[in-house]
Amino acid sequence: MTTPASATPVLQARGLVKKYGHVTALDGADFDLMPGEVLAVIGDNGAGKSSLIKALTGALQPDAGEILLDGSPVRFRSPIDARRHGIETVYQDLAVAASLDIATNMFLGRELRKPGILGSVFRLLDKKRMREESARHMADLKIGLRSLTQPVESLSGGQRQGVAVARAVAWATHVVVMDEPTAALGVKESGQVLDMIKRVRDGGTPVVLISHNMPHVFEIADRVHIQRLGRRVAQIKPGDHDMAEVVAIMTGALQVSEGKAVVADQDAAEAIGLS
Amino acid sequence: GSGQTSSSSAPKVGLITKTETNPFFVKMKEGAQKAAQENGMELMSAAGKFDGDNASQVTAIENMVAAGVKGILITPSDTKAIVPSIKKARDAGVMVIALDTPTEPQEATDALFATDNLKAGELIGQYAKAAMAGKPAKIATLDLAPGITVGQLRHDGFLKGFGIQEGDPSVVCSQDTRGDQAKGQTAMENCLQKAPDINLVYTINEPAALGAYTALKAKGREKDVLIVSVDGGCTGVKAVQSGQIAATSQQYPLKMAEDGVKAVSEFAKSGKKTSGYTDTGVTLITDKPVQGVEAKDTAFGLDNCWG
Amino acid sequence: MAVMEATLPRRLITTPVAGPLAALVLACLFFGLNTGQFFTGPNFSLIIQQVMVVGTLAIGQTLIILTAGIDLSNGAIMAFGGIVMTKLAVTGGLPPLLAIAAGLAVCSAFGLVNGLLVTRISLPPFIVTLGMLNVVFALTHIYSGEQTVTGLPPLLTVLGQTFQVGQTNVTYGSLLTILLFVLFAYMLGSTAWGKHVYALGNSPEVARLTGIRTRRLTVGVYTVAGLVYGIAALLLISRTGVGDPQAGQTDNLDSITAVVLGGTSLFGGRGLVIGTLVGALIVGVFRNGLQLMGVPSIYQTLITGVLVILAVAVDQLSRRRNR
Amino acid sequence: MAVMEATLPRRLITTPVAGPLAALVLACLFFGLNTGQFFTGPNFSLIIQQVMVVGTLAIGQTLIILTAGIDLSNGAIMAFGGIVMTKLAVTGGLPPLLAIAAGLAVCSAFGLVNGLLVTRISLPPFIVTLGMLNVVFALTHIYSGEQTVTGLPPLLTVLGQTFQVGQTNVTYGSLLTILLFVLFAYMLGSTAWGKHVYALGNSPEVARLTGIRTRRLTVGVYTVAGLVYGIAALLLISRTGVGDPQAGQTDNLDSITAVVLGGTSLFGGRGLVIGTLVGALIVGVFRNGLQLMGVPSIYQTLITGVLVILAVAVDQLSRRRNR
Amino acid sequence: MTTPASATPVLQARGLVKKYGHVTALDGADFDLMPGEVLAVIGDNGAGKSSLIKALTGALQPDAGEILLDGSPVRFRSPIDARRHGIETVYQDLAVAASLDIATNMFLGRELRKPGILGSVFRLLDKKRMREESARHMADLKIGLRSLTQPVESLSGGQRQGVAVARAVAWATHVVVMDEPTAALGVKESGQVLDMIKRVRDGGTPVVLISHNMPHVFEIADRVHIQRLGRRVAQIKPGDHDMAEVVAIMTGALQVSEGKAVVADQDAAEAIGLS
């Protein structure tokens, strides 16, 4: 374990366990997010990355383990609890409501009402303002859209992903968590999301980024959390290891001990060209 | 499994009605309940889900035979369709009595305690004919529902009593109401829209009649349209008393049921079966009697009404 | 980025209500050409009176269907509410307004129970409301003793009073029904609550992850629907002038028909409450028009069946052309 | 790669039929303890006879619900099929076997029309079958002239004959019903057709992209369901001994109840036909047991309502525990 | 246009048009797939890549334009038509049936029946053989799965994608089309899919690969089709251009004419560091 001892982690987890019937998705997973960093979470398919961040953001109740926010234990009974603490999440399965339009999706759960009596008594939505602000947020991400009143279901996969990302970035105050936000995005849009992540980090908000895209991870992450078989097997700094080594750790060919990589599985390591 | 002691050892009698909600059948059940108590019997009851529901009545007969009843009183929903099931019950040694409505053939049951629905219709038909006093009639008939025997008999009886055939041009509007007040009102509203000069309304029962009255009243026509009905429930008789309905044919469900239970009790004790047709009677109730049609007033009606 | 807004004519064609509306207009034209009595003010006033009860029930049904639920118990709840109001006022001697309040409360309570069963034990709405249908039906008959309640105080039937619009008498009940439709169109279309209802119907999981309290929202929807059924009970009382334990037995399917004819998806998340009004009117116009044409009951049933299919088919085909 | 197969006990607990089965067993135990006549061979034979018609209708309903459809017309189609069979045999003078064939063909044809309307014009199944319900209901009454058909040739009621198993008489109809359930369990579980039905119910778009002829499959499912309704008509005839135009009016909801009680999702793609058998038996056992206990019918309705909710609740809660 | 004149294209399209209401997804798109090649299709989100391949594989009926297979015009009325000609597709929206298990999904639409009368008359499925063959195909792709009888809905996003890819590869005889097959896959699994694509190509079957992952595209593609605003704007060979240039073409900053890139939009080109 190589947890930096410098500061209190913003978000922390110890020994999270989650079982689905006979499948163990989380098997005693630890997690540490330090202030102001971009932490990449990587791992094979099925390693439990999505389960981990679902547990951290209230979308899933772990069977065991504890979660700490700024050092004090918390329990998120639902995504709303996490959100109240300023934690915003882009879930892998695209949390957008298909038949509603982009502006409505951007503001879902936090709608703006008209000023004055129209808003307070008649609860009238300020659709115009919501549309304008959405347009602004989408423009920040430079996601090209022909109409904001189109239902989200008629967007391309990438455009839909853009809506979810823009939404999380717009609202987060404490932590932003993104589960493969660029998976469906084009080169240009991916670049915009990475820029946006940097900007969020530079604004002081730490970001958790799950990604399978190693160049992206190496470009942007301050630290990397490597997940394997439901557990964190290493935390590294991208500068200390090269991409091949990191992939080797991910697949179990190498193990990290005291910050140095050692060969764990000779066959596997040879198979990927390390020895 | 007959050695079970949790159920009482009193002989059982079953009552199967068309539906469980029509006040007519509720009254019938009350009468049966009272008679069963007096005769030291246990009453089992069951009903169809809707008027015309044969399958539920078949199931009820089977279950009652399985439960070991001595006799079954039934108001058949489908007068022909129920016959094979009744035969099975009788073959199993159960006495079956039809109440209110005869089976086809009538001999399919051991006995029949009933009102003649055709006659009930005829009475109000005759009354209406006389009350119209030769005025040309424009008739609306608010019927029950397709294929339900009682509705058909009452409707036919009315036409017969009025002296016209099915399809006579004086019948300007016919509509099904399922005997429901709201549907009766809707039907009457539409009939009036179609033929504003309707001056005689036949209704399958009093709820439908009251619905028709509400529709007429909204048009200000309640005074100059004659409404006749069948059933004789207390609400209906009160409506006759207050002049909303001109006349109604009163039937006696309580009596049918009481007589039925007594007959089963007798059979349980002595093994002697009742047989044949017992007419429990029908009376025309009106406060505006006409020449040539025998009638009683609403005071009599209220004394003998049900529901 | 170019934000293109749909133009009004475009929106009119693409709104899901366009198809049902076309079907309604066609039906009106047909009956207007075939019977002289159809195109009159009083006849339209009549049609609205005839559909107002089922139409009001269908408002609640729309809310529930938008959440991907279904309510088979609405007619039964209305019948029970009607008996409660009339019995309390007539034999219970309660002031009419209190009796009405009690009836509305009881209906809301049944809605609440439906909602709790759907959310707390995750039961399918079909099963919950089917069970509730039987329970409430039985309770109605037990509580009423099968007696129709008559002799109502005037306040209970005040909605049946009329006012004049030109030559035509319109009941206050019709007006209330229209107002209810406008209210719920507003609530669904222009408040956060409405947007949440749609999101919930699209996908409960997505709605939950977006931070909507899906359980509370669902329970709320069923309870509001219950309240609306209570209003329907009041409308029914004012229309028939009695408390009738037999009321509403086919209204569950009738209200679902109105909702679906109005273009709302049974899978939730898509549809407009104004469509439901159109759907209810389609049924009412068919029934009224066929009656005016003197078609025998059984053939009316036949034709209604065909027309229901046709109405939705017209809608579907027009949408396909727009693709 | 480790391919782990689920063990048999594990599969028994996780099968979607476990919950309904538990509810059925509980109900049987309850009634067995409370009435002496319940736990007897003849009574069980009776219950099966009583549920065989709705159970058979529910087989067709299961197929359609698995494709994310619904059928409100099945009871009406069965009634029409019954009238066709009996009228052709009795007043038409057709040989009984031909009359039966004609009835089966007519029922299949109605299913076919349902399927074509659902696929060709993309109408919602709810609306198609609601319209069809009205159409077929009217046709039944027009064609039968409201007359119950009696005096059937023996061949039409041969399924009502019994054979002995131990002390108990079992009808051939009961046997046929069980065989139908086994047949469709096989077809859904062990043939390509069955897998395609599930895939279609999961997502028609996915099924289409995977190369399944979704339209043809859907039409096929509705047609097969129609044929099954024809068999239900024959079972009904053999049970009541007459052709009854009033038959089946509540069987649409009853069959849906059986399907849902059996654990099949109304959203399609999930469920087992054997669950439907269990669901139908649950309803039958409740009705029989309550009747044997001498519960008045209005209270039977009340209790059935509560029990329907309870049965599914038990199922849900047991599944939750297994998560 | 730089269509190689060497051989008849296997799959070809001319002037495809597809409009959704007021959105034009395809605006006269051309397409050429040569024998034995891996053709990458790239473009921004919403450029019409998915619409293009849907039109090519019968999943969508174009409003105008023609499609040629081995030089002769064809019309695919449905995905089955395309499949009959040996064209297998992995659609972007994951063509798997959620409640069915992996083996059933692998064989959906082409189930194996038991030999003999059991299969021919009783149409009994040979579940065991289907399971074994599926296991083999999945093992080829080295996609780790704990159970083949699990319904697909309980798999992680990557595992589900793996099932769809394995399925297409297993059945294709003429053309394999993949719409972002590695978008949700881990590094290891992505590598396996790329290997698999190479193996398919080496077996003589051409592959169409839509991807936003430029390193993948440059690693594997023989040629690249660049889609922009519903049209093919260029066909290039990866060797002739570097990644930055390709991205510039994609975004409209550069244009290709006579095989050479020329600056089309001075501002845009400068913005991405080319001048």
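Order of writing sets the labels: A, B, C, D and E. Residues in every chain begin at 1.
Keep in mind that, in the parts below, a contact is a pair of C-beta atoms (placed from the backbone, for glycine too) under 8 Å apart; a residue touches a chain by one contact, two chains touch by 3 or more.
Fair warning: this is a prediction, and the values are worked out from it, not measured in the lab.
> Starting at subunit B, how many touching-chain steps does it take at least to reach subunit E?
2
> In degrees and to the nearest 5, what turn takes the CA positions of subunit C onto those of subunit D?
Value: 180 degrees, nearest 5.
> Measuring between Cα centroids, what's the chain most distant from subunit E?
In terms of C-alpha centroids, the chain at the greatest distance from subunit E is B.
> Compare the CA centroid of subunit A with every other chain's and tell me the farthest one.
Farthest chain from subunit A, going by C-alpha centroids: B.
> Taking each chain's centre as its mean C-alpha position, how far apart are subunit D and subunit E in Å?
Each chain's C-alpha centroid was found; their separation is 44 Å.
> Between subunit B and subunit D, what is the gap in Å from one C-alpha centre to the other?
34
> Round to the nearest whole Å and give the separation of the Cα centres of subunit A and subunit E.
28
> Please set out, as single numbers or ranges, the residues of subunit A touching at least two other chains.
20, 93, 143-144, 146
> At which residue positions does subunit B touch at least two other chains?
Within subunit B, residues 20-21, 146 contact more than one other chain.
> Send over the residues of subunit D in touch with two or more other chains.
4, 141, 298, 301
> Subunit D touches which residues of subunit B in the complex?
1-4, 6-7, 12, 20-21, 29, 42, 44-47, 49-50, 52-55, 58-60, 62-64, 66-68, 77-85, 104, 146-148, 152
> Considering the complex alone, what residue numbers of subunit C touch subunit D?
72, 117, 121-124, 126-128, 130-139, 141-142, 253, 256-257, 260-261, 265-267, 298-299, 301-302, 304-309, 312-313, 316-317, 320
> Once bound in the complex, which stretches of subunit C touch subunit B?
Within the complex, subunit C touches subunit B at residues 35, 37, 42-43, 46, 49-50, 53, 141, 145-148, 150, 236, 239-242, 244-247, 249, 287-288, 291-292, 294, 296-298, 301.
> Which subunit D residues qualify as touching subunit E in the complex?
By the definition above, subunit D touches subunit E via 1-6, 190-193, 195-196, 198-199, 201-203, 205-213, 269-270.
> Considering only the defined contacts, which subunit E positions touch subunit D in the complex?
59, 78-80, 83, 89, 91, 93-100, 104, 108-111, 113, 123-125, 127, 131, 135, 138-139, 143-149
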